[in-house]
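Both of the next two complexes hold chain A, though its partner changes from chain B to chain C.
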Partner chain A sequence: MKLTRRLFGVVSGAALAMGTVPFAAQVAQAQESSTLVIAVPSDPAGLEPGINKAEPIGSEIILNVFDTLVAWQAPDFAELEGRLATEWSVSEDGMTFDFTLRDGVVFHDGTPFNAEAVKFSIERTVEMNPYVEASLGLIESIETPSETEVVFTLSRPYPAFLSILAQPQSAIVSPTAVGELGDDFATNPVGTGPFKFRAYQADTRVVLDANADYYRGAPKLERLIYTIIPEASTRRLELENGGVDIIQQAGQLSAVPSEEMAAFAENDDIQILESPSQIIRQLEFNNSLTDGPFTDVRVRRAIAMAIDYDGLLSGVFDGTAERVYGPLTSNSWAFDPEVMDLAPSYDPEAAKALLAEAGVDPSDLTVKLYSFQGSLWGAVATFVQANLADIGVNVEIAQTEFPSYRALHVAGEWEMALDGRQPWYNDPDAHVTIGYLSALKNSAMTFRMPENAELDAKILEAQGEADMEKRKTLYGEIQKEIVEQVPGAYLFSPKLIVFARSNVEGLVVNSAPPLNEYWSVSKN
Partner chain B sequence: MRELIHFLRRNTLAMVGSGILGALLLAVLIGPFLVQSPTAIDMSAKLLPPGPGHWLGTDSFGRDMLARLVHGGRYTLAIGILVVGIAFAIGVFFGVVAGFTGGWLDTLIMRIVDAMLSFPALVLAIALAAAFGPSLENAMIAVAITMAPQFARVARSQALAVSSRLYVDAAHALGLPRRRILLRYVLINAIGPLLVQASLNVGSAILQTASLGFLGLGAQPPMPEWGADVSANLAFARSSPWTALGPGFAILLAVLSFNLIGDSLADWFNPRRRSQS
Partner chain C sequence: MFAFLVRRLLSLIPVLALVLVIVFSLVRLIPGDPAVTLLGPGATDTQIAALRAQLNLDEPALLQLWHYVAGLAQGDMGVSLKSGQPVLDEVLLRLPATLEISIAAVLVAILVGTPIGVLSATRANSGFDHGVRILSLTGVSMPAFLLALLLQLVFATWLGWLPVSGRMSSYLFVDNVTGFALIDAWLSGEPGAVSSVLLHMILPVTVLAAFLAATLGRFVRATMLETLGEDYVRTARAKGLSRREVIYGHALRTSLLPAITVVGLKFAEMLGGAILTETIFSWPGIGRFMFEAIRNRDYPVIQGATLVFALLFMLTSLLVDVLYAVLDPRVRRKMK
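== the complex of A and B ==
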């Protein structure tokens, strides 16, 4: 008996020690005011700008280790500022972009940053990354007249090019390090950014150290640790215990964070940072169908008027999402406020009248509503189903696994679906062209817009217009025209939500793509 | 039959099991007429704790949990029984044919059964449900398919044992057609252990279908199926535990009752008990 009890003590002591030592070490790290610990749900899936496909965690690390020529200015993200470029000019025809580069910047490996490095980096991404084929692929030539000047010439006007240059795919890498490391560069990134790469353990952690020589001034933090914690409840407990300083809401795409919001709201140690995103989630119709009730715009409008948008935002999302009125979010620089009046608003009685006017008896209407899986989509589908039941339309929900959902969506074998788009660069082009250009209807999960010569021409004109004021006007017309056609019901735009310990200050939350910059962050 | 009822009445566990099952059946048969709609949402009443008006509280859409439980029970209990019914039909057919016929057909059927049993049942069910597409019907078919090999095994061994009995030899000698022997002599006498297997499997059929519902491969919202409800409400488990505990407890009760009844039936069919009495 004595023996077993002693044995038990030894075993449990050992277990306790094994369990708590790494944990205690992490707490100690987090408590140091110069180290910031960020909990993320999964491995960054690559720290290599050359092959980045907008993976959220990898992109964020890349933009903290590397710099881009230009970047969107916080907090509005409506104007670009120079980073590695100090100034730039765009030719009249919108095809030539001339950048003056910052002098005296050095890479983390001590080699100098220059025009050659820019040419090398961008050409490398174009070669390695099929994801940028339609954007960086438009580059016809990159010239380097001097060490501090680089000139891009495109094959056709593409004003969103500047926005693409602010993306992780366009980060400037050290040519010397790429030459020395070869394929190992992907796990040993070398850039000019505010943080230097220190260590990476797959599925465990990424450690970054401050770059004391950073051209905007050394970051206030000395070390940044990304620790990978797949379980949402563990991340939450770690934040409550102070084991980590920040948890990312990358999981918000499939779950509503309102439970955490409620729990953290009462916790003085934790602050909730919310900012609007450019993500749009919608109920969309298959606009390419040639028969069926949804070919009638009155039926589509009736469906859109049956949805209680404000009830959805407050009831399901507890204020963690915002209203969307049309193809662009209201924080986009090209948003036209007139669509707020044009967009269908919640009015079930008028919806019923509209159905009657269109000669549709709602009880004859049984529609399958396709949706992604996950609790957030389940909740949205349930809410929409109940709303449509109120006007007598019978909806069957089919939550479908992503690969088969994508396949049936792209094949056009559906009438009504829940879908959404997260633009990976900050330009209206990222929502409008891919979503509504009829030529692209089969290329991805789109609204499958029918051919419409006038609208199609306008979308392409807006994509290529060099004069930004004219572009904004064009996008205004496009938004109004699309909203008139009711290609879907715009449901909500989830806010970007970051939970941080209350002593964390100065975090910049980027809206498109949604990621954080840590250069200005400090801990008290 | 009278003997069986007498045996079960003296068996406490069997009585508890039947009691629970009876109460559940009563609740799901009568309950739905007494409560509100299980799918009508009312956001102003969301996540209310249990109390007057909502005896088991409300979920995140303001739907009455009691209403969802009694409506959902119809699905969940029917699922358990139907799934076992399908599995029973498929498994017993192939098992009895294999055991009675023997030879290469026996080897072929049983190797397929072995192959299917070598997969963890839930993994196979997930693969099948994902392949068929997520819906309650497909989830039920997937679970039934993964469950059928167990019936095939038991049916085969019973058929083998019964086939060597004298009365089967006598039937052969009388020149009865094989199909008649299979149905009237072999199957009837092999049925006991199969019924035990069936009642024990109702519980796991409910659990597995609920698991598929939990993984989003089973019932689609807003159907009040218990497993799907546990899954949907798990997100609120910390602040509003009643939303997930209600359907979870209901699943527990249903599985428990079928298992208690199954255990008692197993005792009844145990040959040792018979020789003692």
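== the complex of A and C ==
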């Protein structure tokens, strides 16, 4: 009896003793004010630019460890600025890109950055990464006339090339480190960026240390930690407790963060940073069908007019998403404001009249609405279902697990489907070509546009037009033509939302794509 | 004993082969292949086909099985489709984290569950017994994630005594030497590292131990009650031994024997990782790793990790049998 009582005493005594040590005291000595802790939901898929496939967490870390030749300029992300390149020129035919490189930049391993390193890095990515076959794969040759000049020649005009050069796949790696480390480079990346790679502990964290010799000036932070917290409720508690400084919503687009928004809005210790994105979520019609009601543009328009877009934004998204009117978001440099007037707007009575005009009795119309899984998509599908019920159309919702959904969608076995696109580089081409070029209709989840020689030609022309003004005009015409055909109903564009402790300063939420740089960030 | 061990170890081989064939086919029956899952909704067929070729997924399944078995024979479990790292390295990297909380949880459960069971039995139907029975029933039936969330709210958010998640404070930097955070923290010599790890362990260990302690408590109570009714216990009492000597000298030893099986098998189960506990506490263990692998359709990881789990489970249960024989002469005699 005494033995067990003693045991109890020891156990509970130990628990109490440990419990009364304030947790904060444990970390008092650490450099809290110069370390920024970012919570992300999963491991980076890799820290190696050569094999990056636009996975958001790895991509963002790459952009903080490496530099690209050019980058999109904050806060509008409509113009490019030089990074490792100081200036560049594009030949009139749009096929030759001539870059002058920054002098005196060194890699984290102390070796010098030069034209050879650029050639080495880009050729390496082309060789290693099938993901960039259609973009960097257009490079025919890379010349290095001097240490500070590099000339790319493409096999055909491709103006989005500059935008691709701003992406993590085009980050410049240290050729010496690649040669020395071999396969281990993937876990010990060496670049020229504001932060040096320090350690990666799988499922736990990635640690980056400041690069004091960074050519734009040393970062304000001494250390950057990406800590991996898979559970949303845990991330929230950690932010509220101050265990992490930032929660990123990027890559977490399957749930609506409105509950967290409401809780954090009343918390003085937490700030909410928002930025519009170029992500589009839409209801698609299968535009390749040859019979059925949806081959009639009046029926498609009626469906699009039955949806209460503003109600969706306020009711389901609580201000965390914005309106979309056509194939491009309104923050794209190629957006044409005229599509706002052309886009179908919410008018159930007119929708009913249109259906009658098309000779369709809505009570005969039962349609399956396919969707991704997840609470966000479920809420959107249910909202659309209720809207369409108001004009008498009966909708059955079929939420399908992603791989199966993709197979079904690409095979074209559907009439109406919820879909979306998150462009992985900042160019209208990333939405328009893949979504609407009829030749690509079976190659991915697209609007399955029917053959249309004129529109197809225009899309290809815009993709290759070197003159930016002409290119913008072309994209304007394309947007208007597409919107008039009502290939779908453009539902919403989710905002990029970052929750941060209120002492975090200087963070710019990058929109296209949503990869943030921490060089300018500090903690007070 | 030696013959018994050899027989048992040899019998592991066909079982492992069967596990391999089942898992190999099962993962390929889950709809969707890894290339589609890894590239996400925006990818084109060309990008997917290129990745499939890169990952050798375009080979016929039987050929893939042949290559896999041929690799296994040379100790090569393949590489993870997601990270490109060897599967065995990836599994061994995460095993220490799971071992660390599993061992701690088993120790806590034994230290808490056994005395509770004994006290309950010796005071059967008292107020203490009823209270313990209600508590242990709660412990057995409460879902782990609910208990985890409650503990986080109370001890981390409201009281602020304990950290929410993770293995140690983010602000500490400790090199990964053994993979056991506690040992690494001690080796690093960083001030506050060891206590930080201990504090981070309390909540996840409590959640893992709660179920086992409750199960064990109920089990020990039952066997103890049974033993106390045995003839030899009555004889011992009749000889005039004190109540304490009867309970701790005679009854307890016999009642604890079957408990070894319970603890051993539960421990073996824990080595497969506790997905929910590891996820909620951001604990980088093997359960979470496996869950992610299934979500990503990371075939080589699912196959390799399942084989490792199966082997660990069988070895642990073998160990339990051996331990049983060491402690119980009756069993030892049967093994010969």
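Following the convention adopted for this analysis, the second predicted complex is superposed on the first by the 492 of 524 C-alpha atoms of A that agree within 3 Å, B and C clash if a C-alpha of one lies under 4 Å from a C-alpha of the other, contacts with A are read in each partner's own complex, and residues count from 1 in each chain.
FYI, a contact is a pair of C-beta atoms (placed from the backbone, for glycine too) under 8 Å apart; a residue touches a chain by one contact, two chains touch by 3 or more.
All figures in this text were calculated on a predicted structure; none of them were measured in a lab.
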Which partner, chain B or chain C, touches more chain A residues: C
Partner chain in contact with A:262 - chain B first, chain C second, else both or neither: first
Chain B versus chain C as contact partner of A:384, first or second or both or neither: neither
First, second, both or neither for A:489, with chain B first and chain C second: neither
Touching partner for A:401 - first (chain B), second (chain C), both, neither: both
Footprint overlap on chain A, comparing chain B with chain C: 401, 404
Complex contact set, residues of chain A against chain B: 255-256, 259, 262-263, 311, 314-316, 373-375, 378-379, 381-383, 385-386, 389, 396-401, 404
Chain C partner contacts - residues on chain A that touch it in the complex: 1, 3-4, 7-8, 11, 15, 18-24, 26-27, 29-32, 35, 37, 42-43, 45-46, 51, 53-55, 130-131, 133-134, 186-187, 198-199, 201-205, 207, 225, 227-231, 233-234, 237-238, 240-241, 243-244, 372, 401-404, 406-407, 410, 419-424, 434, 440, 442-445
Touch list for chain B against partner chain A, complex: 39-41, 43, 46, 60-61, 130, 133-135, 216, 220-222, 231-232, 234-236, 238-239
Chain A partner contacts - residues on chain C that touch it in the complex: 31-33, 36-47, 50-51, 54, 82-85, 90, 93-94, 97, 108, 111-112, 115, 118-119, 149, 152-153, 155-157, 160-167, 169-173, 175-176, 191-192, 195-196, 198-199, 202, 244, 248, 279-282, 284-285, 288-289, 292, 297
